[in-house]
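Each of the next two complexes has chain A plus one other chain: chain B in the first, chain C in the second.
So, the complex of A and B:
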């Protein structure tokens, strides 16, 4: 294993230190491992908190800032954040209008955010939660009861964040997040495994001529091991899986996401195939993201996430955002 | 070789098709392989054109847009663009105030941009050029007479682009680009080789316990093959090489750039070490970029580029920019 790290045990702490130095708009609580928007808590605004295992950068710390998250709680690599951490972040971003938790559907995350929400409620902080479970590849898995949460997390954080920034009340912000999840589906494909620093070896084996269809963001198995194939075929497998679960039509927001080790040019090639697929089905890729947003360390591969837009959701997507990984209009 | 491509011969064309679909602010001339800013030519504004081999995405197409490049000319992977392509782009962005070519110092790029500039001059288009040669690792190399051009290209494109956007004349825009280059130095480290799609195998061999110090962005050899080491030591090798060539002091703009296959969290770890080094030397990392900006396909590793800022350069860096890969203030 060759990685740009010092000690495997220090990866999360040292990466947070680098983030703090690189982004003056963020404030990092190193002791509690929380990335805050510098302005937090914003008085009268619903606070947004997300979090989960590290190793998926820029998720979640890279989405903290104006128009998106108020705080992110990174756990150890591929490990849930602890309840105390989430409690601290929730209290830290409560500007009096309550706090929304955006939680990816993994058993540990769900339990720890739930426990944190209960502890916060006891202290008088109103908390609502949105559970993201967009991955159509598998129902139940190694780390999940029900579908896994992946790329739709970015959409939910952006859209709920825009609504919170506009001053909407907690229930409305939560409802928008839920609507995004209900309208979104994802599917991922891996060309290579990833290597967790503390383990020092690949999370699974994949032959030189093989790919994993329906890969999870921690390297969990998907639907099938298959022979490597051209990008257009892999894109089609992913889009057929999405379309079979949620027929695509009208304007859609589509993300072609890199798993961390995939060159950007390859993601654009996949995006061209995805856009062609959408048009065949009578859908329009009205908004898009192409790049690394929800990664799995150094894994090569991609995932595609599609959200069926409404006029309201489109306007919220277009609203200004200023975070390390997503920025426009400011 | 597993890659998200269809045919190795179609990589550049299909990636450009994806870019065009993903970024409505760009206009792609597929036949000539040119990425234009949609508004080009901007009347009365100096046009900026850059280009070079593909495989370094987001460089250069990802830097086309308001406040940066007017056009980018991608060659085949790791291959210079041809003179006709550059001529077409240059004429296409000439708004009557002349055009600046920003050229990385590789023999093929230099020759082809020079030939293009001469052909343009014959047609009455005024062209000036800035040659980027910031890599301190080696003098002369496989593809270069003199130092190689790497990360400072991004700085020159951004700062000259801001000045052009502000309406400055060609000579002044060129001078700013030259000033950036004179004040910038880079050094790169590879943990793995990269694989050119058409070749189908790694560009060089690197043992499981080895790194290449001073790597070039096409996998060219650097200064030394060394044993893999912690991030803090590798960061220090890079920064010592930069500091030995150009003593660092005052405010600096620093980029910790990923080679394409490196997780973002690792780049933040390197950035923390780089920032510590700068402070030790009495310099301040006043502005920074951490992420993939000048890649080498799927190579794992990083490069660091430092520019000694002035007040003027800082203001130009901070000016609004709206491109796929760099965006703020709009």
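So, the complex of A and C:
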């Protein structure tokens, strides 16, 4: 394993130290492992807290700032944060209007945020939660832990964040987050596994002529293995899965997300195929993101996330944002 | 059993998790996200430090401190789930200075029920419950039948091992492995495997004579 690390046990703390130095708009509490926007708590504004395993950078620390999150709680690599961390972050961003937790549907994230929300309630902090579960690769969700939360997390954080910034009350901010989740679907494809620093070797074996279809974001294998194919075919597999679950029409927000080890040029090739697919179905890629937003360490591959927009959601998406990884209009 | 017995259990569990760290992580790499051994080891290392820094006065306190520390340090699903096992056992044992095999069996049964409630998993879902639930039943049955304590624990260990083994061909329905669907079949569940280690550690504590 070759990695730019010093010690597998120090990956998260050292990454946070670097992040603090690189982004003076953030305030990083290294001891509690929390990334705050410098202005937090903002009086009268609903606070937004998200978190999850590390290794998905820029998610979530990269989305802390004006118009998006007030705090992010990174856990160990691919491991959800612990309740204490979430409680500390929640109290740290409560400006009196309550706090929204944006949680991806993975058992660990759900349990730790749930415990934290209960502890916060005992201390008199109002907390609401939005559960993100957009991954259509999980087909029989009634018999599993439910659909995973993946790319739509970025959409929910941006849109709920814009509404919170505009001064909306907690219930309304939570409702917007839920609406984004309900209107969003994702599908991921891996060309290679990733290497978790503590394990030191790839999480699964994938031959040179193989891809994994329907992966999540933790380096876990997907729902099926298939022969490697040109970008056009892989993009179509992903989009067909999305379209079969949620027929696409009208204006959509599209994210073609890199898993950490894929060149941007390849992601643009995928985006062109995705856009062609959408037009065939009569949908318009009205807003888009192409790049690394929700990664799986050094995995090669992509995921595509689509949200069916409304006028209100588009306006909230367009609202100014100033974070390390998303920045426009300000 | 006194507090020393429970501290010995936790020590044995911590050693077993440290020794089994690579194997647990390998099992998790096959159907999860390759962090189970690493995370549990980090948690139990913190538990040993917590027990040394704040020596518990009762069995209940030893278990509660263990559970709380696991929740605080592990993260993921295994932190809250194993944390709940120990916290629930601690709550059932209360503040008594000594405990009986009957009380221990009741505490373990309550812990299994609490984990089932928290994680929403039942036997057959291919999780830690597949090892813990049969172990708990075997312990209760043997204790009620009047077996010697060591024999009752032997039965619990055998039941945990058999439960973990029986789950290998199953398809996971909870936790990270559930996303693999059919492809999870044929793999040993890392949570069931770590539960076997923890039940086996209980047996080891009984042999080391610190009762």
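Everything below uses one rule, namely that the second predicted complex is superposed on the first by the 324 of 330 C-alpha atoms of A that agree within 3 Å, B and C clash if a C-alpha of one lies under 4 Å from a C-alpha of the other, contacts with A are read in each partner's own complex, and residues count from 1 in each chain.
Here, a contact is a pair of C-beta atoms (placed from the backbone, for glycine too) under 8 Å apart; a residue touches a chain by one contact, two chains touch by 3 or more.
Remember, predicted model here, so these are calculated numbers, not experimental data.
Trainee: Tell me which partner A:265 touches in the superposition: chain B (first), chain C (second), both or neither.
Mentor: A:265 sits against chain B, while chain C stays out of touch.
Trainee: In the overlay, answer first, second, both or neither for which of chain B and chain C A:107 touches.
Mentor: second
Trainee: Just to be sure I read the superposition right, which of the two partners does A:138 touch: chain B = first, chain C = second, or both, or neither?
Mentor: After superposition on chain A, A:138 lies in contact with chain C alone.
Trainee: Output check: A:21 vs chain B and chain C. Expected answer is one of first, second, both, neither. What do you get?
Mentor: first
Trainee: So chain A touches chain B in one structure and chain C in the other; where do those two contact lists coincide?
Mentor: none
Trainee: Once bound in the complex, which stretches of chain B touch chain A?
Mentor: Going by the criterion above, the answer is residues 2-7, 11-12, 14-19, 21-22, 54-55, 57-58, 62, 191-192, 208-209, 211, 228, 230-232, 234, 260-272, 275, 285, 288, 290, 292, 295, 297-298, 300-302, 322, 327-330.
Trainee: Looking at the complex, which residues from chain A come into contact with chain C?
Mentor: 53, 75-84, 106-108, 111-112, 115, 137-140, 143-145, 148, 196, 198-199, 203-204, 216, 218-221, 223
Trainee: Inside the complex, what are the residues of chain C that reach chain A?
Mentor: So the residues of chain C touching chain A come out as 25, 29-35, 38-39, 42, 71-81, 118-119, 172-176, 178-181, 183.
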